[in-house]
Amino acid sequence: MIKVAINGYGTIGKRVADAVAAQPDMEVIGVSKTSVSAEAYIAKERGFPLYIADIEKRESFEKAGIPVAGDVEEMIKKADIVVDATPGGVGAKNRPIYELYKKKAIFQGGEDADVAEISFNAHANYKEAIGKQSARVVSCNTTGLVRVIHALDQAFGVEKVRAVMVRRGGDPNDIKRGPIDAIVLNPVTIPSHHGPDVRTVLPHINIVTLAMIVPTTFMHMHTVQADLKKETTRDAVLEVFRSHNRIGLVTKATKITSNAQLREYTQDLGRPRTDLWENGVFEDSVSVLDGKEFYCFQAIHQEADVIPENIDAIRALMGTVNDPDESIRMTNEALGFVAI
Amino acid sequence: MIKVAINGYGTIGKRVADAVAAQPDMEVIGVSKTSVSAEAYIAKERGFPLYIADIEKRESFEKAGIPVAGDVEEMIKKADIVVDATPGGVGAKNRPIYELYKKKAIFQGGEDADVAEISFNAHANYKEAIGKQSARVVSCNTTGLVRVIHALDQAFGVEKVRAVMVRRGGDPNDIKRGPIDAIVLNPVTIPSHHGPDVRTVLPHINIVTLAMIVPTTFMHMHTVQADLKKETTRDAVLEVFRSHNRIGLVTKATKITSNAQLREYTQDLGRPRTDLWENGVFEDSVSVLDGKEFYCFQAIHQEADVIPENIDAIRALMGTVNDPDESIRMTNEALGFVAI
Amino acid sequence: MIKVAINGYGTIGKRVADAVAAQPDMEVIGVSKTSVSAEAYIAKERGFPLYIADIEKRESFEKAGIPVAGDVEEMIKKADIVVDATPGGVGAKNRPIYELYKKKAIFQGGEDADVAEISFNAHANYKEAIGKQSARVVSCNTTGLVRVIHALDQAFGVEKVRAVMVRRGGDPNDIKRGPIDAIVLNPVTIPSHHGPDVRTVLPHINIVTLAMIVPTTFMHMHTVQADLKKETTRDAVLEVFRSHNRIGLVTKATKITSNAQLREYTQDLGRPRTDLWENGVFEDSVSVLDGKEFYCFQAIHQEADVIPENIDAIRALMGTVNDPDESIRMTNEALGFVAI
Amino acid sequence: MIKVAINGYGTIGKRVADAVAAQPDMEVIGVSKTSVSAEAYIAKERGFPLYIADIEKRESFEKAGIPVAGDVEEMIKKADIVVDATPGGVGAKNRPIYELYKKKAIFQGGEDADVAEISFNAHANYKEAIGKQSARVVSCNTTGLVRVIHALDQAFGVEKVRAVMVRRGGDPNDIKRGPIDAIVLNPVTIPSHHGPDVRTVLPHINIVTLAMIVPTTFMHMHTVQADLKKETTRDAVLEVFRSHNRIGLVTKATKITSNAQLREYTQDLGRPRTDLWENGVFEDSVSVLDGKEFYCFQAIHQEADVIPENIDAIRALMGTVNDPDESIRMTNEALGFVAI
């Protein structure tokens, strides 16, 4: 059993914890919080030992009926590997302590690429990560792009990618961030930084990305356009997507035309936390014009798509499974995850 | 086993179906849809026999891989009782067919009060509904008001109620309805129709309600002010709420101050479809000024609070359980529902 | 003086009326409404003779203190030309009456292209419209696309255009339409109908468009990508835009990065109804990659950009001004409109 | 001519500047900004001398084509009175410099009451402010409440007020603040701080307020309930409101039922920046139940209602006009402001 600590039990951390707990070869030895909140009660409810960043706050947790197992340092010492899911930028500050205790560490997409030895995506570069000391699971948007670009590249070769990312303003439980009634260019300049981020995993891909932020909470929406190297057909592309176990197709018969309805669907399916772990590619949008010009819309659930990638990254760094497909299959199976 | 048909498998109907399926004394003998959609796939996935309103559409369902059990009339014939969860106003049109086949029927709050023999809330008037041929489960807002007013009335006597309802614009999966950036008075006139609707269940209550609609999807928010007959204290009121099994208290320690965060909490708790079946009363808001003037904020999950009421209404009409508390306990237990 | 009637005094109609009234060579001989509303008071306040669709409603207008000049037919008879700004699809139904009285007519983008003899944009095809009996001013989105594509095409030649339109859900005063919290693909299929609509004005342009709808009210946002025929530079493109009198550049120094802030700026500038009549191209976004690959973001104020085009269309159909530049200059000057 | 400096040329400051410039007895001797932005260009466009907080930034302004008149201290020295419209809390930090130069100062509602000698509302306590050295114009919400409560109190006597404030999340040009899809209790506790703030102007009023924040940008919406001392009628209350020159009635005939449509109306009326300077009381909502229980809905334009109050506060502090009605009349007239 791989002993996993999750440092930062928030939007990403709480999902990683449940996903780890579901795996046959891993266990959660602790999760961490900075202050009392609803999520601390959830940690207790799940039975995860709760460690806290500032041990002086122990009393405030105990008053609220939440037992404290110790401070974050103690948690790290007990772990084989730490998944750092603290807010963007905090991970880099935490790195020295993981190094001090010689613990393997996985960082999230809010960190710069140089926080870790490798930027990771299970389908694209699992093998390169095997045995490494640290990895960064690329951001939700980058993960979504990498999955589809890598799949196209393997099948047809990708000459050039142009993607427009229409991003959610804040996560559903975020009551501070807007915008309320605006489309915000973020950044105004073209290209955005997402292209270079894709290249941390797929260095040979020629890609231009544009990004904006809109008032929605449930998922990002991408338009992906790719010039393919080989001529192909819409059906051939759909076949590639259908056979990919982290790309789902939103079919016409569902009448789903938005992130909101797609979330309702995953909710109805009983997915934990309504998570859409896969790319939600809209089947009707998949187009190949003039034989080589690919287009599609895809919904990317920012809170969810990186979760299975974190699990695979754990196995890759620990070196317990050397076949990417084997790890991906194990992860999906333990989650009860079959792409829609 | 009570044989239950659910006519209209949408936002309310799909939840009622799952809740019925969870009860030890009931079974879902069929659900109905008008056309192919994501929800039709969910019915199939759950194993509910699917009946369709217009049998001419059978082919379109079967092409989409969804088996059709027959038309709605056949479903009704097989049932002991029908839960009508069709859109507001359609229930009244369906009534003659339930009468034709002498089936008991439960309608929803989108219908006028005269659609059924009684307007129903489990805690308030279960006994009066026993053995009746039809009942209307009052709307989400009215259910939320009735629960808290009835509890206060039982404990302290209620002289007068003033409530302001800040309503969600549309359900989360509704992509048509707004507003996008507006507060809409609905109606502009004061009082709104919600007061009279409360009186269909609690006829003796003096109540003035005001209502508006805002751009949110997750829950309504109510401010409830009541002049009490007996002097009391904040603690005594909290005790009444704590001992009520369909009123939950959102505590300060959770740091939840909004519908959005409350929904995240029910989602983290693993509630099916993130449902908040109970009233979400904010503990910190519960106030008693000058001994008799009660105030609170409560969140009402429009999609969920009426679900357990539908289950109790089934037992009341069927006359299988005569003690309201017994039915409420059975319903909650089968749902795994313990108020937060 | 050209006698102009405006049939349909709503979002577009009321703006056209004010713009006509500001021109030295035109006068508003009447505007029309179907029922009493805030806009009827505005017509009165502006001193525009108000005609009504259904003369039976005369009393309801007069009770509300709004004098009625007659019915729509009378208005049409008095006019030289009618600007039809009724809701999409109603224009086509109104066409026979314009023909009956042999009146020239201008329709809006909510109508199909075949409603009129020509689809119109002042910079692109004014001359072809001269003397015609009817014209359709293309939609807000199409007008925005045509301006920038035509300018690029004139200067550098355009090989291919790919545009993604992120559309506002409803106009600011629309309290019915959503979505509240969703990104809606509209349509899901690729390409959208906007490309063909551009080709009603610029038939030789190879263009693929994608469209979605988001919860904002103020403006659409476009990403425009064009493969140019001639090599060029960012500066050369900026120069083309700067010298275009219906394209404005949103400079970096303003710190404007969104439709919301751009609207605040036009409001601060004292523009009537805060109208952004020009394309709002974000200067920082203007990019030329590899010499021939153009990119930019542009904000398109749906309520406003078609207004000056309607004015020019009046002159073209009436044949009073034969030089497009002369008409455009007259229109802009009378509006006090200098592109930002 | 009263020489007025406006320190902080943002949402409130830019409106105060235009309002001052419109008065016959005042002039704007300068406005201040901290950094280059769209508003700096507006100051230039209006011809207001621009002073900057940090004179080291002079070059960045000049590079952007915006002349700098000097630093804030120089501006203050030239003024008879300073209107401080810096962000909440900054005013208190600025106070010592106004004192140093013995300048009268007006602060905004984002400051604590003790920032100034008096909390001000023109109709309620103009006379008490005459000749004072400093005043705080109470916040947008408090101004809106004070106007209507004071008017009712003068006419009928007010026993008790209960008000629920449904507040806009951010101003229209604010792209950072949310919420996107939430109703946020702010605060969760009851009563909110708005009641005590009303009492800084009307100390004898018994008032309980509740407040929440919703995803809208245009205006706050209040429900006001008051127990009156004298019996009265709806018509008598409407008469009081009609004769009040800073309360407007939104009539039924306009079909306006929301803040969004009300804003469209002020925009159509040509109000500068679409400002609703008055309380927008919905005529249909005005109710008197049982002779003494008053109810209404009112829309409060957060950016605008305090503007005329600032102008009156200038005259009161300067002591140039001793009759409140005279100042209010002068202010309104110069603005071309007749309540709707």
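Per-chain numbering from 1; labels A, B, C and D assigned in written order.
To be clear about the criterion, a residue touches a chain if its C-beta (ideal position, glycine included) is under 8 Å from a C-beta of that chain, and two chains touch if they have at least 3 such contacts.
These figures come from a predicted structure and were not determined experimentally.
Chemist: Select the chain at the greatest separation from chain A, using centres from the mean of Cα atoms.
Modeler: Centroid comparison gives D as the farthest chain from chain A.
Chemist: Centroid of chain A to centroid of chain C, CA atoms only: how many Å?
Modeler: 42
Chemist: Can you give the whole-Å distance between the Cα centres of chain A and chain D?
Modeler: 46
Chemist: If you average the CA atoms of chain C and of chain D, how many Å lie between those two points?
Modeler: About 36 Å separates the centre of chain C from that of chain D.
Chemist: Going through chain B residue by residue, note those that touch at least 2 other chains and give them in order.
Modeler: Answer for chain B, listing residues that touch two or more other chains: 172, 174-175, 179-182, 184, 215-217, 257-258, 260-261.
Chemist: Quick one: label the inter-chain contact graph as line, ring, star, complete or other.
Modeler: Contact map by chain: complete.
Chemist: Can you list the residues on chain A that touch chain C in the complex?
Modeler: Residue positions touching the partner: 162, 164, 166, 179, 181-191, 208, 210, 212, 214-219, 221, 223, 225, 252, 257-261, 282, 284-285, 287, 289, 293, 295-297, 299.
Chemist: Which chain A residues qualify as touching chain B in the complex?
Modeler: Against chain B, chain A makes touches at 14, 36-39, 41-42, 45, 64, 172-175, 180-181, 217, 253-258, 260-261, 263-265, 267-270, 272-274.
Chemist: So in the complex, which bits of chain D are touching chain A?
Modeler: 169-170, 172, 174-182, 184, 215-217
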